[in-house]
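Beneath this line is the structure, given in structure tokens, with notes to follow.
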Amino acid sequence: MRRLPDRVWRLPRQEDDEAADEGIGRILALSDGVFAIAITLLILEIAVPATTTDDGLPKALLGLWPRYLAYVVGFVVIARFWVIHRLAFRLIARDDAVLVWLNLLLLLFVAFLPFPTTVLGEHNGAPAAAVLHAASVILASLASAAYWWYASGPGGLLRPGVGRAQIRALRARSLSGPVSFALTLPIALFAPYVAEILWIFVFPLTRMVFIWFFADEPEQPG
Amino acid sequence: MRRLPDRVWRLPRQEDDEAADEGIGRILALSDGVFAIAITLLILEIAVPATTTDDGLPKALLGLWPRYLAYVVGFVVIARFWVIHRLAFRLIARDDAVLVWLNLLLLLFVAFLPFPTTVLGEHNGAPAAAVLHAASVILASLASAAYWWYASGPGGLLRPGVGRAQIRALRARSLSGPVSFALTLPIALFAPYVAEILWIFVFPLTRMVFIWFFADEPEQPG
Amino acid sequence: MRRLPDRVWRLPRQEDDEAADEGIGRILALSDGVFAIAITLLILEIAVPATTTDDGLPKALLGLWPRYLAYVVGFVVIARFWVIHRLAFRLIARDDAVLVWLNLLLLLFVAFLPFPTTVLGEHNGAPAAAVLHAASVILASLASAAYWWYASGPGGLLRPGVGRAQIRALRARSLSGPVSFALTLPIALFAPYVAEILWIFVFPLTRMVFIWFFADEPEQPG
Amino acid sequence: MRRLPDRVWRLPRQEDDEAADEGIGRILALSDGVFAIAITLLILEIAVPATTTDDGLPKALLGLWPRYLAYVVGFVVIARFWVIHRLAFRLIARDDAVLVWLNLLLLLFVAFLPFPTTVLGEHNGAPAAAVLHAASVILASLASAAYWWYASGPGGLLRPGVGRAQIRALRARSLSGPVSFALTLPIALFAPYVAEILWIFVFPLTRMVFIWFFADEPEQPG
């Protein structure tokens, strides 16, 4: 029954494959747009106070360093969701309404990330800022894991010939994000800067998890 | 006479099909861009007051909940217009000047939506905010219905082989949006939060309308 | 000599055609991005004063009407540049460094338009606002005419088989914009709202100019 | 070992080429999005003070000239990175994880550029503003040089048949940017406007460097 409405959009048979590409194409166009804007809006939150004099400018610029750090953290976090999104959608061949809305759920949280990033830059010593940021990233990570779990599992939307090792590796990578952020939350409460530095390095860490899972099983031939 | 100027842009015959794709392609590129930006700009309206201290941050963050709710409502509303746009343009094969300008009319209202969404987040108890938001969504829905009505009717721009059931179903879905918002307007005047929750669930509702219309008629083979 | 550096980017012969498409593709991607953002940023300038109470909201919303008018003018003006851009680039087959930079000059002025549009909305009775807006549109129109003049003339970048009537018609349309805005400038100085309404209708006017030029000459077969 | 994880994403052989195109396609989509937004956000920093009266508007508009100048400098600088990016990616056939992250490093600095451009417009006489701007451009230029150096060198990601002269010319052009900005830094400290004018003309200068390098060696046939 969940699949029923999708049947309506079926195009005449001979155009089906082309139409599938087109459908995925617009999902990627909207997603790349949201990723690009969310990543670029971060800079709007960095500003020198309007009352700064020319003489006070060097000090004011240096005093903004917590915002520069938050900018880099925010950029790396959003970029990472994009990198995983690109890898996952290379393996997805078709879409349905559930995938479209799970992907929109991810975009809802990705487009939200500039807000906690800003709060982190403005209130760099406040535990609440660290908790808000970590919670937002965890929600986005869960949405990221959800669309991949659906496409590779019940949805059955992958290209033919995608090995089980690849599917498991990308699942592990999706989940390593929320797990890492949950683990660093206690650190963020007491030493927010340490947590921010750790967050920048979550990427290499999850990459290692990913390689480890992959190595766990012999590669499937195409 | 309305079609006259379009003749000017006709390319040499053998390149016509490819050029049609290209023309649609840029309409979709601009549209996806506007959807992506409108959906991402919503977050710029959520901000902690500049005077918030680190100690006051948890309370300030919790106090922003009407804005989080408005963010989700605004996101779901714009996402829904995009979902319908994607389904409709999968069935549209060619464009003409009327379609281009009706689509721009839709984008005019979609790009406007961040404003009523912001007012809704700031003045969550004010009837005027609910009326402004509902009226904006109704205008956008009418524009959405207009381009589909034109393309599937007088414009004759659909791919060959699109069944009448599909056309009717998408017309019903386009119109179910404004009708639902008009129906909830009285609720919004007295209980704005109840109306906002209802707006989030307009989507599943219109989906049911859509299935109901579709089931009304035997499916057309491709 | 102007063409010399372009030679460097020549790909091996057999890939030339595909590469030409790809090169144009990214020019269009950047352009559509800038058009979409410029058109969507206009809404950021509409805001209810932060001191507005819930009771004062209806009056505050109605009092913003000069900004709604400026929003529509700004949207229609930018949309028109996009429509002409789309029509022109359907006829352009190849690019070179001069076209790239003339197109960037257009984007420089298009991305500038949100500023005069905002000033127009805030200072709706001030002649300086009208002059700034008209001057900005004239500059953008000149850049729009420049890339088309170059591509269809000295650059020789059009697809084979584009008729002289099409080239002349698009030249006339490019120039009708600046001419109309220059003509309405005296009106804008004394009756800014009348000028704004006229600006919204410049499009149908230039369309008529365009049809008239086209009708001036027999159509060229492909 | 660096290449190990990439193996995981290998698609079944027969789809490899198509998938390579698709992978590059999304890198370009995200990049064009970030370039378009960064270039368009610059205008948000130009605003007439809210207290300006209609009578004071002409003077206020003229008084903004340092911001107009900064806008043009910011636009030309970002446009230049885009032009080089487009030329470079016409020659790049495949991607790997290192290229993806070096490109993201470039986007990190490109998305940062609106901030130093704003500071330059607001504090036009302050040496610190000039130093910040030049330093940001130099960092972005280094990232731009890094991805090209990697793709054309150790990464081995270029299309077959790209001549050594083309590779060297683009390397020279990448590096001419940071060198020019480093050279003008002393001027910026004492005469910021002179430096800004010079920055606008860095492009023709680096183009000459590029032609000179190219001419240094006989052209490689495809």
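A, B, C and D are the chain letters, set down in written order, and residue numbers restart from 1 in every chain.
The rule we apply is simple: a residue touches a chain if its C-beta (ideal position, glycine included) is under 8 Å from a C-beta of that chain, and two chains touch if they have at least 3 such contacts.
Fair warning: this is a prediction, and the values are worked out from it, not measured in the lab.
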Residue-number overlap at the subunit C/subunit D interface, same or different (half cut): different
Copies subunit A and subunit B - rotation angle from C-alpha fit, nearest 5 degrees: 90
Length of the line joining the C-alpha centres of subunit A and subunit D, rounded to whole Å: 25
Gap in Å, rounded to a whole number, between the CA centres of subunit D and subunit B: 35
In subunit C, residues with contacts to at least two other chains: 29, 33, 36-37, 41, 44
Partner subunit B, residues of subunit A touching it in the complex: 4-5, 7-15, 19, 22-23, 26-27, 29-30, 33-34, 36-38, 41, 44, 100, 104, 107-108, 111-112, 114-115, 118-119, 122-123, 125-126, 128-129, 132
Residues of subunit D that touch subunit C when the two form their complex: 28-29, 32-33, 35-37, 39-44, 46-48, 52, 54-55, 57-58, 61, 71-72, 75, 79, 82-83, 86-87, 89-91, 159-162, 165-166, 169, 207, 210-211, 214, 219, 222
